[in-house]
(Lines give C-alpha, C1' and ligand atoms only; values in the text may rest on other atoms or scores of the structure.)
Protein backbone atom coordinates (compact mmCIF):
# COMPACT_ATOMS: atom_id res chain seq x y z
CA UNK A 1 0.00 0.00 0.00
CA UNK A 2 1.24 3.46 -0.88
CA UNK A 3 0.81 6.44 1.40
CA UNK A 4 -2.19 8.65 0.66
CA UNK A 5 -0.57 11.88 1.77
CA UNK A 6 -3.11 14.53 0.79
CA UNK A 7 -6.75 14.44 -0.27
CA UNK A 8 -8.63 17.71 -0.15
CA UNK A 9 -11.39 19.83 -1.65
CA UNK A 10 -10.56 23.44 -0.85
CA UNK A 11 -11.39 27.01 -1.79
CA UNK A 12 -7.83 28.32 -1.94
CA UNK A 13 -5.25 28.40 -4.74
CA UNK A 14 -3.77 24.98 -5.54
CA UNK A 15 -0.02 24.61 -5.90
CA UNK A 16 1.06 21.84 -8.28
CA UNK A 17 4.64 22.21 -7.09
CA UNK A 18 3.67 21.73 -3.46
CA UNK A 19 1.73 18.58 -4.21
CA UNK A 20 4.72 17.17 -6.05
CA UNK A 21 6.89 17.76 -3.00
CA UNK A 22 4.30 16.05 -0.83
CA UNK A 23 4.74 12.75 -2.69
CA UNK A 24 8.54 12.96 -3.00
CA UNK A 25 10.28 9.97 -1.45
CA UNK A 26 13.76 8.42 -1.60
CA UNK A 27 12.13 5.08 -2.55
CA UNK A 28 10.44 6.64 -5.57
CA UNK A 29 12.22 6.79 -8.90
CA UNK A 30 9.35 8.52 -10.68
CA UNK A 31 6.94 11.29 -9.84
CA UNK A 32 4.21 12.20 -12.33
CA UNK A 33 2.02 15.16 -11.61
CA UNK A 34 -1.02 16.64 -13.30
CA UNK A 35 -2.44 20.11 -13.16
CA UNK A 36 -5.83 20.77 -14.71
CA UNK A 37 -6.02 24.49 -15.33
CA UNK A 38 -8.78 26.90 -16.24
CA UNK A 39 -8.49 27.77 -19.92
CA UNK A 40 -9.33 31.07 -21.57
CA UNK A 41 -11.34 29.21 -24.23
CA UNK A 42 -13.80 26.31 -24.19
CA UNK A 43 -15.18 24.83 -27.40
CA UNK A 44 -14.04 27.91 -29.25
CA UNK A 45 -15.75 30.39 -26.91
CA UNK A 46 -13.87 32.92 -24.81
CA UNK A 47 -14.25 32.22 -21.08
CA UNK A 48 -14.59 35.33 -18.88
CA UNK A 49 -14.91 33.64 -15.48
CA UNK A 50 -15.48 30.27 -13.92
CA UNK A 51 -16.44 28.73 -10.61
CA UNK A 52 -16.75 25.21 -9.25
CA UNK A 53 -19.41 24.15 -6.80
CA UNK A 54 -18.84 21.07 -4.66
CA UNK A 55 -21.25 18.70 -2.95
CA UNK A 56 -20.65 18.30 0.82
CA UNK A 57 -19.55 14.70 0.16
CA UNK A 58 -16.85 15.72 -2.34
CA UNK A 59 -13.86 15.25 -0.04
CA UNK A 60 -15.09 11.84 1.15
CA UNK A 61 -15.63 10.75 -2.46
CA UNK A 62 -12.12 11.96 -3.36
CA UNK A 63 -10.72 9.80 -0.56
CA UNK A 64 -12.55 6.76 -1.97
CA UNK A 65 -11.04 7.53 -5.39
CA UNK A 66 -7.56 7.79 -3.87
CA UNK A 67 -7.97 4.45 -2.07
CA UNK A 68 -9.15 2.77 -5.26
CA UNK A 69 -6.12 4.02 -7.22
CA UNK A 70 -3.82 2.96 -4.40
CA UNK A 71 -5.35 -0.52 -4.55
CA UNK A 72 -4.92 -0.74 -8.35
CA UNK A 73 -1.25 0.28 -8.51
CA UNK A 74 2.00 -0.25 -6.68
CA UNK A 75 2.43 3.29 -5.36
CA UNK A 76 4.90 4.86 -2.99
CA UNK A 77 2.72 7.92 -2.40
CA UNK A 78 -0.28 9.77 -3.80
CA UNK A 79 -1.79 13.25 -3.37
CA UNK A 80 -4.81 14.88 -4.98
CA UNK A 81 -6.70 18.14 -4.46
CA UNK A 82 -9.66 19.84 -6.13
CA UNK A 83 -10.50 23.49 -5.79
CA UNK A 84 -14.02 24.90 -5.54
CA UNK A 85 -15.30 28.46 -5.72
CA UNK A 86 -14.24 31.03 -8.32
CA UNK A 87 -10.98 30.24 -10.14
CA UNK A 88 -9.02 32.68 -12.31
CA UNK A 89 -7.96 31.80 -15.86
CA UNK A 90 -4.70 29.83 -15.77
CA UNK A 91 -5.13 28.67 -12.19
CA UNK A 92 -5.49 25.01 -11.30
CA UNK A 93 -8.83 23.34 -10.57
CA UNK A 94 -7.36 19.87 -9.98
CA UNK A 95 -3.85 18.81 -9.06
CA UNK A 96 -2.67 15.25 -8.57
CA UNK A 97 0.70 13.57 -8.12
CA UNK A 98 1.88 10.01 -7.67
CA UNK A 99 5.29 8.62 -6.79
CA UNK A 100 6.28 5.08 -7.76
CA UNK A 101 9.45 3.03 -8.10
CA UNK A 102 9.24 2.98 -11.92
CA UNK A 103 7.92 5.48 -14.42
CA UNK A 104 5.41 3.37 -16.35
CA UNK A 105 3.35 2.83 -13.23
CA UNK A 106 3.54 6.53 -12.33
CA UNK A 107 2.13 7.70 -15.66
CA UNK A 108 -0.65 5.08 -15.62
CA UNK A 109 -1.62 5.69 -12.00
CA UNK A 110 -1.67 9.49 -12.30
CA UNK A 111 -3.78 9.34 -15.44
CA UNK A 112 -6.19 6.90 -13.84
CA UNK A 113 -6.37 9.05 -10.69
CA UNK A 114 -7.32 12.09 -12.75
CA UNK A 115 -9.85 10.18 -14.89
CA UNK A 116 -11.54 8.58 -11.89
CA UNK A 117 -11.65 11.90 -10.04
CA UNK A 118 -13.34 13.57 -13.00
CA UNK A 119 -15.82 10.70 -13.27
CA UNK A 120 -16.79 10.42 -9.62
CA UNK A 121 -16.15 13.72 -7.84
CA UNK A 122 -19.46 15.49 -7.12
CA UNK A 123 -18.43 18.96 -8.29
CA UNK A 124 -19.87 21.20 -10.97
CA UNK A 125 -18.33 23.77 -13.27
CA UNK A 126 -20.07 27.02 -14.10
CA UNK A 127 -18.64 29.07 -16.94
CA UNK A 128 -19.42 32.66 -17.89
CA UNK A 129 -18.43 33.54 -21.43
CA UNK A 130 -17.15 36.85 -22.79
CA UNK A 131 -20.50 37.43 -24.50
CA UNK A 132 -22.27 37.35 -21.11
CA UNK A 133 -23.93 33.93 -21.53
CA UNK A 134 -23.20 31.18 -19.03
CA UNK A 135 -23.44 27.42 -18.74
CA UNK A 136 -23.22 24.59 -16.28
CA UNK A 137 -20.78 22.25 -18.02
CA UNK A 138 -22.26 18.85 -19.04
CA UNK A 139 -25.80 20.18 -18.46
CA UNK A 140 -26.34 22.01 -21.75
CA UNK B 1 3.51 23.66 -33.43
CA UNK B 2 3.91 23.97 -29.68
CA UNK B 3 6.58 26.12 -28.09
CA UNK B 4 9.74 24.30 -27.06
CA UNK B 5 10.50 26.51 -24.08
CA UNK B 6 13.43 24.78 -22.41
CA UNK B 7 15.85 22.03 -23.47
CA UNK B 8 18.99 21.65 -21.41
CA UNK B 9 21.63 19.31 -20.09
CA UNK B 10 23.08 20.90 -16.97
CA UNK B 11 25.16 20.19 -13.90
CA UNK B 12 22.96 22.01 -11.40
CA UNK B 13 19.94 20.89 -9.38
CA UNK B 14 16.78 20.46 -11.46
CA UNK B 15 13.53 21.97 -10.24
CA UNK B 16 10.43 20.09 -11.38
CA UNK B 17 8.24 22.94 -10.14
CA UNK B 18 10.13 25.50 -12.21
CA UNK B 19 9.80 23.45 -15.37
CA UNK B 20 6.07 23.18 -14.80
CA UNK B 21 5.80 26.95 -14.56
CA UNK B 22 7.79 27.27 -17.77
CA UNK B 23 5.10 25.44 -19.76
CA UNK B 24 2.12 27.12 -18.05
CA UNK B 25 -0.15 28.88 -20.52
CA UNK B 26 -3.71 30.26 -20.50
CA UNK B 27 -4.43 28.18 -23.63
CA UNK B 28 -3.47 24.96 -21.85
CA UNK B 29 -6.04 23.01 -19.87
CA UNK B 30 -3.61 20.30 -18.83
CA UNK B 31 -0.02 20.19 -17.65
CA UNK B 32 1.64 16.83 -17.01
CA UNK B 33 5.10 16.76 -15.54
CA UNK B 34 7.58 14.01 -14.82
CA UNK B 35 10.47 13.92 -12.42
CA UNK B 36 12.88 10.98 -12.58
CA UNK B 37 14.62 10.89 -9.23
CA UNK B 38 17.65 9.07 -7.89
CA UNK B 39 16.49 6.17 -5.73
CA UNK B 40 18.16 4.79 -2.64
CA UNK B 41 17.82 1.26 -4.03
CA UNK B 42 18.33 -0.32 -7.44
CA UNK B 43 17.48 -3.97 -8.10
CA UNK B 44 17.42 -4.56 -4.36
CA UNK B 45 20.87 -3.07 -3.71
CA UNK B 46 21.43 0.02 -1.58
CA UNK B 47 22.78 2.93 -3.64
CA UNK B 48 25.40 5.09 -1.89
CA UNK B 49 26.10 7.60 -4.65
CA UNK B 50 25.45 8.20 -8.30
CA UNK B 51 26.67 10.34 -11.17
CA UNK B 52 25.68 10.88 -14.78
CA UNK B 53 28.15 11.50 -17.56
CA UNK B 54 26.98 13.20 -20.75
CA UNK B 55 28.33 13.14 -24.28
CA UNK B 56 29.07 16.61 -25.73
CA UNK B 57 26.19 16.10 -28.19
CA UNK B 58 23.63 15.45 -25.41
CA UNK B 59 21.90 18.82 -25.51
CA UNK B 60 21.62 18.76 -29.32
CA UNK B 61 20.16 15.24 -29.16
CA UNK B 62 17.66 16.37 -26.51
CA UNK B 63 16.55 19.19 -28.83
CA UNK B 64 15.94 16.64 -31.61
CA UNK B 65 13.87 14.56 -29.18
CA UNK B 66 11.84 17.64 -28.19
CA UNK B 67 11.17 18.50 -31.84
CA UNK B 68 10.08 14.96 -32.59
CA UNK B 69 7.59 14.95 -29.69
CA UNK B 70 6.32 18.37 -30.73
CA UNK B 71 5.72 16.99 -34.25
CA UNK B 72 3.87 13.93 -32.92
CA UNK B 73 1.43 15.75 -30.62
CA UNK B 74 -0.70 18.85 -30.51
CA UNK B 75 1.21 20.68 -27.79
CA UNK B 76 0.94 24.16 -26.35
CA UNK B 77 4.38 24.01 -24.76
CA UNK B 78 7.15 21.59 -23.80
CA UNK B 79 10.20 21.68 -21.54
CA UNK B 80 12.79 19.03 -20.70
CA UNK B 81 16.07 18.99 -18.80
CA UNK B 82 18.60 16.32 -17.86
CA UNK B 83 21.20 16.70 -15.16
CA UNK B 84 24.77 15.37 -15.35
CA UNK B 85 27.48 15.07 -12.72
CA UNK B 86 26.95 13.73 -9.20
CA UNK B 87 23.33 13.67 -8.00
CA UNK B 88 22.19 13.11 -4.42
CA UNK B 89 19.58 10.47 -3.51
CA UNK B 90 16.10 11.89 -4.01
CA UNK B 91 17.19 14.59 -6.44
CA UNK B 92 15.99 14.66 -10.03
CA UNK B 93 18.05 13.41 -12.98
CA UNK B 94 15.40 14.16 -15.60
CA UNK B 95 12.47 16.55 -15.53
CA UNK B 96 9.94 17.06 -18.30
CA UNK B 97 6.65 18.90 -18.65
CA UNK B 98 4.13 19.37 -21.41
CA UNK B 99 1.09 21.62 -21.64
CA UNK B 100 -1.81 20.79 -23.95
CA UNK B 101 -5.44 21.79 -24.41
CA UNK B 102 -6.72 18.42 -23.16
CA UNK B 103 -5.38 15.95 -20.64
CA UNK B 104 -5.18 12.76 -22.71
CA UNK B 105 -2.67 14.34 -25.03
CA UNK B 106 -0.65 15.73 -22.11
CA UNK B 107 -0.21 12.33 -20.46
CA UNK B 108 0.67 10.62 -23.75
CA UNK B 109 3.10 13.32 -24.88
CA UNK B 110 4.91 13.56 -21.54
CA UNK B 111 5.31 9.81 -21.33
CA UNK B 112 6.60 9.64 -24.89
CA UNK B 113 8.97 12.54 -24.25
CA UNK B 114 10.46 10.73 -21.25
CA UNK B 115 10.70 7.38 -23.07
CA UNK B 116 12.35 8.89 -26.15
CA UNK B 117 14.77 10.89 -24.00
CA UNK B 118 15.82 7.75 -22.14
CA UNK B 119 16.25 5.88 -25.43
CA UNK B 120 18.23 8.48 -27.33
CA UNK B 121 20.04 10.78 -24.92
CA UNK B 122 23.78 10.00 -24.88
CA UNK B 123 24.26 9.99 -21.12
CA UNK B 124 25.49 7.31 -18.78
CA UNK B 125 24.70 6.44 -15.19
CA UNK B 126 27.39 5.30 -12.75
CA UNK B 127 26.21 3.87 -9.44
CA UNK B 128 28.25 3.16 -6.33
CA UNK B 129 26.59 0.73 -3.94
CA UNK B 130 26.70 0.68 -0.17
CA UNK B 131 28.98 -2.39 -0.30
CA UNK B 132 31.60 -0.39 -2.22
CA UNK B 133 31.05 -2.03 -5.62
CA UNK B 134 30.04 0.10 -8.59
CA UNK B 135 28.48 -0.28 -12.01
CA UNK B 136 27.82 1.54 -15.25
CA UNK B 137 24.11 0.94 -15.72
CA UNK B 138 23.21 -1.15 -18.82
CA UNK B 139 26.86 -2.24 -19.21
CA UNK B 140 26.97 -5.05 -16.67
CA UNK C 1 -42.63 15.68 8.64
CA UNK C 2 -41.66 16.56 5.13
CA UNK C 3 -38.76 15.76 2.80
CA UNK C 4 -35.87 18.19 2.34
CA UNK C 5 -34.81 18.39 -1.30
CA UNK C 6 -31.32 19.86 -1.78
CA UNK C 7 -30.52 21.17 -5.24
CA UNK C 8 -27.08 21.71 -6.73
CA UNK C 9 -25.56 23.54 -9.67
CA UNK C 10 -27.82 23.51 -12.78
CA UNK C 11 -30.66 21.95 -10.75
CA UNK C 12 -30.50 24.78 -8.21
CA UNK C 13 -30.34 27.33 -11.03
CA UNK C 14 -33.44 25.80 -12.64
CA UNK C 15 -35.42 25.68 -9.39
CA UNK C 16 -34.15 28.98 -8.06
CA UNK C 17 -33.29 27.79 -4.56
CA UNK C 18 -30.93 25.42 -2.77
CA UNK C 19 -33.52 23.64 -0.65
CA UNK C 20 -37.22 23.03 -1.13
CA UNK C 21 -39.65 21.05 1.03
CA UNK C 22 -41.73 18.24 -0.44
CA UNK C 23 -44.27 15.69 0.75
CA UNK C 24 -43.01 12.14 1.30
CA UNK C 25 -43.80 9.66 -1.48
CA UNK C 26 -42.02 8.17 -4.45
CA UNK C 27 -38.98 10.02 -5.74
CA UNK C 28 -40.80 10.31 -9.09
CA UNK C 29 -43.69 12.15 -7.45
CA UNK C 30 -41.35 14.53 -5.64
CA UNK C 31 -39.54 15.30 -8.91
CA UNK C 32 -42.84 15.70 -10.75
CA UNK C 33 -43.83 18.28 -8.15
CA UNK C 34 -40.54 20.15 -8.66
CA UNK C 35 -41.09 20.16 -12.39
CA UNK C 36 -44.65 21.47 -12.03
CA UNK C 37 -43.54 24.32 -9.78
CA UNK C 38 -40.34 25.05 -11.76
CA UNK C 39 -40.73 24.13 -15.45
CA UNK C 40 -37.01 24.85 -16.13
CA UNK C 41 -36.19 21.76 -14.03
CA UNK C 42 -37.60 19.54 -16.81
CA UNK C 43 -34.52 20.16 -18.95
CA UNK C 44 -32.09 19.16 -16.18
CA UNK C 45 -34.02 16.25 -14.64
CA UNK C 46 -33.17 13.56 -17.23
CA UNK C 47 -29.46 14.04 -16.56
CA UNK C 48 -29.59 14.08 -12.77
CA UNK C 49 -28.69 11.39 -10.24
CA UNK C 50 -30.00 11.32 -6.69
CA UNK C 51 -29.02 10.65 -3.12
CA UNK C 52 -31.63 9.69 -0.57
CA UNK C 53 -30.14 10.09 2.88
CA UNK C 54 -26.65 10.00 1.33
CA UNK C 55 -27.26 6.75 -0.58
CA UNK C 56 -27.19 6.74 -4.41
CA UNK C 57 -30.55 6.00 -5.95
CA UNK C 58 -30.91 4.73 -9.49
CA UNK C 59 -34.70 4.42 -9.92
CA UNK C 60 -37.32 7.14 -9.50
CA UNK C 61 -39.73 4.51 -8.14
CA UNK C 62 -38.02 4.41 -4.74
CA UNK C 63 -40.04 5.56 -1.74
CA UNK C 64 -38.80 8.64 0.13
CA UNK C 65 -40.13 8.56 3.69
CA UNK C 66 -40.92 11.58 5.85
CA UNK C 67 -37.80 13.13 7.41
CA UNK C 68 -35.55 12.07 4.54
CA UNK C 69 -33.15 14.26 2.63
CA UNK C 70 -32.96 14.08 -1.17
CA UNK C 71 -29.94 15.49 -3.04
CA UNK C 72 -30.47 16.33 -6.71
CA UNK C 73 -27.13 16.02 -8.54
CA UNK C 74 -26.67 17.17 -12.14
CA UNK C 75 -23.86 15.50 -14.11
CA UNK C 76 -20.49 16.10 -12.47
CA UNK C 77 -17.90 18.28 -14.17
CA UNK C 78 -14.71 18.24 -12.17
CA UNK C 79 -11.12 18.93 -13.14
CA UNK D 1 48.01 12.05 -38.89
CA UNK D 2 46.39 9.62 -36.54
CA UNK D 3 42.83 8.96 -35.32
CA UNK D 4 41.57 10.33 -32.00
CA UNK D 5 39.49 7.76 -30.13
CA UNK D 6 37.28 9.29 -27.42
CA UNK D 7 36.00 6.91 -24.77
CA UNK D 8 33.00 7.42 -22.52
CA UNK D 9 31.62 5.90 -19.33
CA UNK D 10 32.20 2.11 -19.11
CA UNK D 11 34.43 2.22 -22.22
CA UNK D 12 36.64 4.88 -20.63
CA UNK D 13 36.72 2.90 -17.38
CA UNK D 14 37.81 -0.24 -19.27
CA UNK D 15 40.53 1.52 -21.26
CA UNK D 16 41.65 3.77 -18.42
CA UNK D 17 41.69 7.03 -20.36
CA UNK D 18 39.34 9.42 -22.15
CA UNK D 19 41.29 9.69 -25.39
CA UNK D 20 43.73 7.37 -27.13
CA UNK D 21 45.44 7.75 -30.47
CA UNK D 22 45.17 5.05 -33.13
CA UNK D 23 46.36 4.47 -36.70
CA UNK D 24 43.83 5.05 -39.46
CA UNK D 25 42.18 1.95 -40.92
CA UNK D 26 38.95 0.07 -40.46
CA UNK D 27 36.97 0.72 -37.28
CA UNK D 28 37.29 -3.01 -36.52
CA UNK D 29 41.12 -2.78 -36.61
CA UNK D 30 41.10 0.27 -34.33
CA UNK D 31 38.82 -1.53 -31.84
CA UNK D 32 40.94 -4.71 -32.05
CA UNK D 33 43.94 -2.60 -31.13
CA UNK D 34 42.11 -1.13 -28.14
CA UNK D 35 41.15 -4.62 -27.01
CA UNK D 36 44.73 -5.89 -27.33
CA UNK D 37 46.10 -3.01 -25.27
CA UNK D 38 43.21 -3.00 -22.76
CA UNK D 39 41.68 -6.49 -22.38
CA UNK D 40 38.84 -5.13 -20.17
CA UNK D 41 37.46 -3.36 -23.25
CA UNK D 42 36.45 -6.76 -24.70
CA UNK D 43 33.51 -6.97 -22.27
CA UNK D 44 32.17 -3.52 -23.21
CA UNK D 45 32.82 -3.56 -26.98
CA UNK D 46 29.86 -5.75 -28.05
CA UNK D 47 27.42 -3.26 -26.51
CA UNK D 48 28.96 -0.06 -27.85
CA UNK D 49 27.87 2.16 -30.71
CA UNK D 50 30.18 4.55 -32.52
CA UNK D 51 30.42 8.00 -34.00
CA UNK D 52 32.97 8.75 -36.69
CA UNK D 53 33.27 12.52 -37.03
CA UNK D 54 29.89 12.90 -35.26
CA UNK D 55 28.07 10.50 -37.58
CA UNK D 56 26.58 7.26 -36.22
CA UNK D 57 28.28 4.17 -37.55
CA UNK D 58 26.63 0.77 -37.49
CA UNK D 59 29.28 -1.53 -39.02
CA UNK D 60 32.84 -2.07 -37.82
CA UNK D 61 33.96 -2.48 -41.45
CA UNK D 62 33.82 1.26 -42.11
CA UNK D 63 37.10 3.00 -42.93
CA UNK D 64 38.33 5.64 -40.49
CA UNK D 65 40.68 8.04 -42.30
CA UNK D 66 43.60 9.93 -40.78
CA UNK D 67 42.47 13.03 -38.84
CA UNK D 68 39.13 11.52 -37.90
CA UNK D 69 37.60 11.39 -34.46
CA UNK D 70 35.95 8.20 -33.20
CA UNK D 71 33.58 8.28 -30.22
CA UNK D 72 33.02 5.00 -28.40
CA UNK D 73 29.57 5.04 -26.77
CA UNK D 74 28.41 2.35 -24.33
CA UNK D 75 24.64 1.82 -24.05
CA UNK D 76 22.90 4.98 -22.86
CA UNK D 77 21.32 5.10 -19.41
CA UNK D 78 19.53 8.41 -18.95
CA UNK D 79 16.69 9.47 -16.66
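Every chain is named by a letter (A, B, C and D) in the order it is written, and numbering of its residues begins at 1.
FYI, contacts are C-beta pairs under 8 Å (C-beta built on N, C-alpha and C of every residue); 3 or more make two chains touch, one makes a residue touch a chain.
It should be emphasised that the depicted structure is a prediction, and the values quoted were computed from it without experimental measurement.
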{"item": "Third chains touching both chain D and chain B", "value": "none"}
Apart from chain B, which chains still form joined groups through touching: A, C | D
{"item": "Chain at maximum distance from chain B, centres defined as averaged CA atoms", "value": "C"}
{"item": "Length of the line joining the C-alpha centres of chain C and chain D, rounded to whole Å", "value": "75"}
{"item": "Where chain A and chain D are represented by their mean Cα positions, the distance between them in whole Å", "value": "50"}
{"item": "Chain A and chain C, separation of their C-alpha mean positions in angstrom", "value": "27"}
{"item": "Inter-centroid spacing, chain B versus chain A (mean Cα positions, whole Å)", "value": "23"}
{"item": "Sequence positions of chain A contacting 2 or more other chains", "value": "36, 103, 114"}
{"item": "For chain C, residues contacting two or more additional chains", "value": "79"}
{"item": "Contacting chain pairs - touch in the sense defined above", "value": "A-B, A-C, B-D"}
{"item": "List of chain C residues in touch with chain A within their complex", "value": "8-10, 13, 44, 47, 51, 54, 71, 73-79"}
{"item": "Residue ranges of chain A in contact with chain C within the complex", "value": "36, 52-53, 55, 57, 82, 93-94, 114, 117-126, 136-139"}
{"item": "Residue ranges of chain A touching chain B (in the complex, touch as defined)", "value": "16-17, 20-21, 24-41, 89-90, 101, 103, 106-107, 110-111, 114"}
